Every structure is written in structure tokens, then in C-alpha cells.
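Here's the structure, in C-alpha cells; my notes come after.
In order of appearance the chains are A, B, C and D, and numbering begins at 1 in each one.
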């Protein structure tokens, strides 16, 4: 089955000033990331503001990315919703639309016990073809529910199409426990893009990274160097990645991502309320920090590969 | 302006086995709670599974409770949603439907900075009549965003119709800070029903309590004793309340609330997925614990006042 | 058996500039606090910098306070040390020196399991007369070990001379659990001086307060008003107490306590290294805040009762 | 200047049943670890129960290890104490006794602000020769004080003999920040022995590991494989290390370390109270788990290299 691996970009959802989805901006972003060499795409996750979009909007985003990607890279659509019915509808839609797989965040906001969580994922697993890959997605600091090692192990062992986990909290002892508790073929990616290199060294298959969806360059480079066992250089690149991550607020404010895309000549655009687009002075400061970073690490804003 | 005070019951949303809303169950529950003497009703909060309901369903629940209450107690509709557009639609609907006020949870799941949070509440405040009361609702352990003391103070001082705060995390130093930072008339209620008495002693106006929406008796009693300065007896009643809170899992699993309502002869019914109705053996054990509790503290399941 | 109750002042250990103990300053402080009406004294706790003193110094402090108090109030000596041998030596010394009882902090720094904790307190309990009262002392944020409700319950029920608990973390759900799990006669005091009033309302016997060892006035007043069921006025006094607590950094830096004592004409003096005496500009700012507070709440620096 | 690197064993302090130090056991342990190939020794840290020992006992342990090591590996004595005077005495003693360097834990138990922490380390730095290396030691979960990135950076840049940091909390984002904020030559070791490999990949110089002081074999192997860029095999060895770490309770109970040393034919012996030696049934279970582990990973209890 297809998997997520290497540099998997968690994509923003470009929006117009009136908060409607910018379909053209999204197509352009998809092409840009593939041209830059990322390995997989993960739209409609937290970076994609999924819970603020309607089911119809989420379908539109999914279709747009799948079509623009045109099978050049693996596209996994995030399909998790606030209730099971919407999740199933979005999962089925992703499958029907030609996605390579899906991701599903744990139940969010409302407490869910282990039994409820397992039943939730089993329901999704059973509703999809046995060869259509599903990733668990654990981001407990936002969802309020944590996928325990035992829950992940149980699902990895008993649901054939649950093939991996995206773990977006930077708890490395836990990450190590996930890796040790699951079968070799089970695929684990970290969402901590500042810790891409040590995660690879531990045995992760890659990173699901929001910043790589804006500045893919250092991430693609880091993965390349790592695969060539060039650890010393990979560490230097991780440092470069770490600095642009800080400049872009490490995913705490996706407006930084969108404005940086604008600065590159792409169209990130605006945020869906209640989140807000950063004001001009913050945008200006961010651009200056980006310029300094580009110079220090010899990157350019250019589209060219 | 109208306020929340005393025993404010956070109501469950009764559902049928197919997860549709049980309108009759909801009417019956509304009447029951008023008959039992609770001071205010707060449907469609966390206890009411709000984020799992569609906007249409939320309107239906709001209308049902408002009509069944028939102005006998203050009904504040929780209107907070995942995006601003839905929140505004629900807030306006509550107003149009005759609610006495609304509550709005902080932005959930996605990080929101203080500026975004303030702008969010200002937008809601400005969209409603100046004499229609709004409560802030802070439940950071689930929403992932915390309303700081400075944010609450700012909104309390500058938005005339923001009249209070429901604070559902049992951090008493913070609760004390809220009380000291806001004007005397600003109304603060705790969501920690096991700490109703000390919260009153500190200066809170009351409790917003999920368990009081199932067993209102000890809460109504406690508030009565407190108002008569009968602290020693109030402490005994708080202990009784504490025990039924533990039996009903302290709001960590609302199926306990629904099944206890069933046991009282009301209709709590089923949970909306991914949350699940507790299995028979857990239901049985809960009933036995309830029976022991009823006997020890001389309560009955009966409807009668 | 004697107990701690009401306003129990956690005393600083006055020191000279060369970090030696200021015995005269300590005698004067003891007299001052008793004259001001505090109910009990608790020297050599965290506020007293116990772990930085030698066993000999701790004995000197204990003797000084006991003698200066001269049986006018209950004096409980904190005897907990880094190892059991020192604790037993200090506990026995307190008993021999005429203390009314002792307190013993949980094992600190090194992890201790429940069995180890229970055995530790049992050893201390067995080494002292059956009618010599011992308080457990839980301050997990500093000691790294938390006394669970089960451990406290077990010790309360099985060790006749373990008569109470000082709980210095402001977790009110836990405080409520301690109160509900232990017998009526078991005495629980909060160490959260900003929450003295709600703790009393819940059923605590009093507060062990560092700030009351510098400005006892609002605490003594608050307790008096509470006992007269004058809750509204007690709330106002709690607010006054809350402000001086903030001015004195809430126990996070005991040099503020010592310098405020100096300002009152007493001798708090200097800190034992590595903690440092606050520099002149901070001292000056603190004095200005204290002056404002005195004026607003009509207190004076004066010694007189 | 000499540094800590590779496998640095945090040594237990062997004790007799009456809790006195077992000098012979300590000599034997020192020789054993050097024979097994560890790179450096770190006695008298948390694993060594330092705060429960008297100053005299700590000197005895330091001398014993330094003499038994006889310059075959770097020996850094942990010298941090509860007050500055004792720390300075122990640091000077380590220097006079021929230690290769020292480590000093942050101020413990009592809150220390950044200014106090910096002044503390500056005092120690100034009291020792400029070419005698000092490691900062941060274990905030036990000490209650956290060395911030800014504090570490400040000390790294301004105190010539402060050459490194032992960071014993497994927070990898923070570890990454330490690495990025300090000069290339500043030496950082993790105390998280289950994350030795990813820490090396990030740029750490090694691990300070308690479990390696009992079963050095997998740690020495892992470091060897890592240096040969054999990441895949290093990962397998990390897994083996991870399992013995869990069996030995990951440092939460050092009696497991001591009893495992006994099982190897060495003399770990007993704990200093209040910590207790594990009872026979736990010892038996641990031995069985060790046997299974030895078999699975092809290690033996044998002393031989």
C-alpha cells in the first residue's frame, strides 16, 4: 500500500479576502510543492484549517489538490471531522476522487475513551477498501484526546488498511514507544519539523511539515543528505530549517505561512475567522526575517527548482 | 441585563438510537429541571455535544428549550462554533428565538492569539443588541485556547453586553484572578461542580454544572443553604454532590448523564458518534452506585419537586 | 492533640549579611507575629530555607522560636530533611525542645514510590510519642513527589499521631479529595494564602502562609470575619491579602519577605546562597507598592497590635 | 579542556545494609565500567543519591572513584549541593583530588531566578582554575528549577571553564534549542538514555546514562555503530537499550540498578532512606525480565569485556 514518507507537506488552504477558498491559489501551490521536490502532500489537516471549512468546501479542496497533483506524488487527504458521519462522507469522497490515502485526526474537543477511539477508527477502516491506506493523526495539544501507545498498537495490528501514524506533538519518548510497539512496516511520521533529522535517525519514515509547504527547500535537502548518510551536513540543514520554522511561528499562526507564500509570488491569501491575517507591520517584519534567512543560507524566493 | 446565577444546568442533548435529536426528551428534561428548582439553563455547551451537531440541529435544540422553559428561568444558548460565520448565525438565531442571552466558547482547536480572541468576541458583541447579554466561556483543557485574565478584563470593560464568564477549568488561583480583575457587576460562574461552595465563597455568582442537569437536587439545596449562611450544612451537601459527580464520571463521559436520566424515567438516550453509549455492564454498575448514593443521602429518583 | 489552625505563619529564617542566622531577628519576629494575633507558628519550612541550613542551625532556629513563643501559640517545627536519619534527629530534637508538634515534608528530589513514602512517615510516627502531633507536608511543585489521596488516607487512618496535612499546591479538586477521604478530625490546611477564604469554606482548618509571617494583619482579620460568618467582608479582606501576596511575589522569592520585614522595622535580613537578596531598585519598587497597599487598605507598618 | 562524551555512566553509590557507603563495591564498579568500555564516569549525580549523603561521604565517594579509575577514563564529579558553601567545598575537593572536571546541578527545591542561577554558576566558575571544566546539569523535573536557553547561552559564552551541559529531561525541542544557541565547542549530553541515538544525530556529544552504569554493553555498542554511520544497526541496539531501561524502571527507582548490579556479581547493595531496597518478589521479577532480555539480545551477565 502507498505510504507517506520523506517530506510530506501539510498544505494551507489558500483563501480570498472574503474567506472563500482560492482554488487557483491551491492549484498553483500544489504544482509548486511538487516541482520543489516534496515527496507527498497532506491537505486539509490542521495547517489546512479543516474544522473551519464546510464538508462541501473540504471536498472542493480535496479534488483540487488531487487533480493538480495528477499522480506525481502521493496525496493523502485529511478526512477527520467533528462527528463520525462527516468523517465517513469525507473519507469516501477522498477515495472516490482518486486520493492515494487519507489521514484521520483523533476525536477532537469531546473526551473520547480508548474504546471509543478504537471503535471510531475501526468504523472508518471497515468503510473503506482493504487496500486504501489510512493514517492515524495524533495532535493531543489541540484535540484534547491522546492516542495511547496501546491504541495505536491495537489498530496497527488489527486494521489492515491502517498503515501509519502522524504524530504532531514533539514528545520523543512517546515517539520512541510508538516505533517500538508497532510492526516494522507500520509507518510513523513526526509533525515536529524542527526535529526531522532525529526523527529519521530513530526510524520515522519522514515528516509531515507545515513549513515545508511554504519553504520546501531545506526539508528536501535534509532528507536527501540523510539518505546519503551525510549526517553532519544534514545537521546544518536542520539548523536552517529550524530558523525558518521560528520565523514562521512554528505553525502557531498559519497566517505567517500564507503571507510567506504571497511573498514568494504564490497565493496563500487570508485566514478563515476567527483566525486573522497578520497586520502589515508583522508582515513587514516577517519579510525582513525571511530575507535575512535567505541570504544566510543561500536560498531564494524563486519558484525554480 | 439578565445574568446566569445560582444553579445553572448545562444540559445534555437527548438523542434517539439513530443519533437524531429527541425533541420530546429535550422538552421533558427542560420542564424537569425547572420543576426541580434550577435557576438557569445552558443548553448546547460541551455537555450538549454542540460541535457534533449541525447548525440546523443547534437551532432546533435552542428553540425547543426556549419554548419549553417558557420564561420561567433564564435560558442562555451556547452559540460558539468552529468558525465566526456559524457563531454569528447561531447567536442571531438565539436572540431572534427569545433566548435570555448566549454563551460563546473561545476559539477551539486552532491556536488563537489574544488579538484574535478579542476581535472574535468584539465581532459577536457588535452584531447583537447592546442589552442582549453574552457570556465568555473558557474551557482550555478542551478548546486548546485559554482566555487570559487580561483578555477577560479587556472584554468586560469595553463590550457592554459581555456580562460574564463561565470558567470550566478548576484552577482556583486563576478564578481568583478573574474575580479581582473584573468589575463588581461582571458575573463569573465556575464549571467545576465539585467546587460550587468554595467558588461561591470566593464571590462567584453560581455554577454551570452538567451533573445538576441530571441530579439537580443537591445543587439546589447547596445554593439555598449557602444563601442562608448555613456553611456547615452546605459543606455536607457539597460532599453529597461530590459523590454523584464521581459516579457520573465528572463530565468526562456524557453517556453517564444520559443513562442516569433514563434511569430517572426521563429520556437522555444515546450519544452522537464518535462518542458512544456506555455498555450494559457499565450502565448496571452506575445504577447500583446511584442507588447507594440515593439511600445514603436520602434522595429519590422521583420527578416530584 | 494540638493542631495547626487559623492563621499559621510560615516563618522566614532571618540572616545576617554573612548568611549566619540572626537569632535576635528571629526572636523579635516570633514575638511580633504572636502580638499581631496569628494562631500558630511554622518555622523551618520552605519559607524558612530549611534544606540550605545544617542540622545544627535548624536546631538553633527551632529552640529560638519555641523559647520566644513561650507557649503563647502552637509552634510546629518543620523537621523534614533529605534523608531519614536527619529527619529523625530533627524530629526528636523538636520534641525534646518543647515544640507543640512537627511537620515533615515528603521525600524531596529523589523519586519515592507510595510504599516508600508510607514507610518513611511510619518510621517517623513510630519514633515519636503517640500523643505528639505530626503534620504531613505536600509541596509537589518543589519536592517532585506528590502525596496521593490514598497515601494521606492510609497515614491518617493508621498513624495515631499523624493528625494533619499542609498542602501547598493550589489544586482545589485535590484539596477537596483530601477533605472527603480523611476522617473529620484530620486537620487540613492550605498553603495557598491567596485562597484562604475558599479553603475555609471547603472545610480546611486554616492556612499556612508565608505572607502572613510578614503582614499578618489581613489574614488575622479574614479569619476573624470568617468565624463571624461575615463572608462579604471576608472577601474584601481576601482581596487585600491577595494584593500584598502579589507584591511580595507569592513566595517565589523569600527575599521580598525579608526586605518587607526590614521595612517594618524588624530584621528579615539576607538570603542563604544560592538565593540572593533583591537589589536596591527592586527593594525600592517593593516598598512603593507596599506603601500604596497600606494606604488603600488602611494598614500601617507599625508594630502595635 | 576535557569533556564528557560518548557513553558517560551516571554511577550509583553502592551501600551496605546499614546504609553506609560500600567503598569496595564502588571500586569494583568503577573498574567494571571502564573494562566494559564506557567513555566517562559521572558519580554523585541523581543516580548517586548525592543530596542524601553528607559532605564527608561525598568526598569519600569522589576520591574512591578517581583513584580506582586511575586516569583511564574521564571522571567528572558531581559537586552540586543544597547551598553554595557546600558546592564550593565539594568542587574544590574534586579539583584537589584529581577529578577531570565537575558537574553542578541547578539550585534545587527553592525557586531560583535567572539572575540567581547565573550568579551561582559564576561563583563556582570563578572559584576554580580557568582550565578545570564544569558542566551545567539541568534536571527540572526533580530540582524544580529549569535552566533556560538564555541562561545556558550566557554561561557558555562568558564563563570559560563552563564547557557543557547535561540535560536530563527528554524535551527534544528544548535540546535542539540548546544546541542551536550555544557555540560549536560547547558540549551537550542528554540524560535520556532511551533517546541516545536521536540525540547523537542532533549533535549531542553523548549520553549521561544511569542504565549504562549497570548494563554498559548496548550503550557502548550503539555509540560504536553510530560512529561507523551504521544507523540501521544502531537503531536495533537502541531498541535493546530501551528494553533494559524499562526493565530497570528508567531511573525512577535506583534500587533496580543496585539489585541488577548484585545480579551481575557486583555490589550495588542497598538504598539510603527514605528510598528503599525493592522487596524480594520485585527483585525476582526483575531478574526474570533481565534473563529474557539477555537471551533475546545475546548479552551475558559476565564481567568479561
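One rule holds for everything that comes next: a contact is a pair of C-beta atoms (placed from the backbone, for glycine too) under 8 Å apart; a residue touches a chain by one contact, two chains touch by 3 or more.
This one's a predicted model, so the numbers in the text were calculated from it and none came from an experiment.
Chains touching both chain A and chain D: none. Mean C-alpha positions place chain B and chain C at a centre distance of 38 Å.
With centres defined as mean CA coordinates, chain D is found 51 Å away from chain B. Looking at chain B, no residue sits in touch with two or more other chains. All chain pairs that count as touching, in label order, are A-B, A-D, B-C, C-D. Taken in their complex, chain D has these residues touching chain C: 19, 46, 49, 51-52, 82-85, 107-113, 115-117, 119-120, 123, 141-144, 252-254, 272-276.
Contacts from chain A toward chain D in the complex involve residues 170, 172-173, 176, 180, 192, 194-195, 197-203, 229, 231, 235, 238-239, 242.
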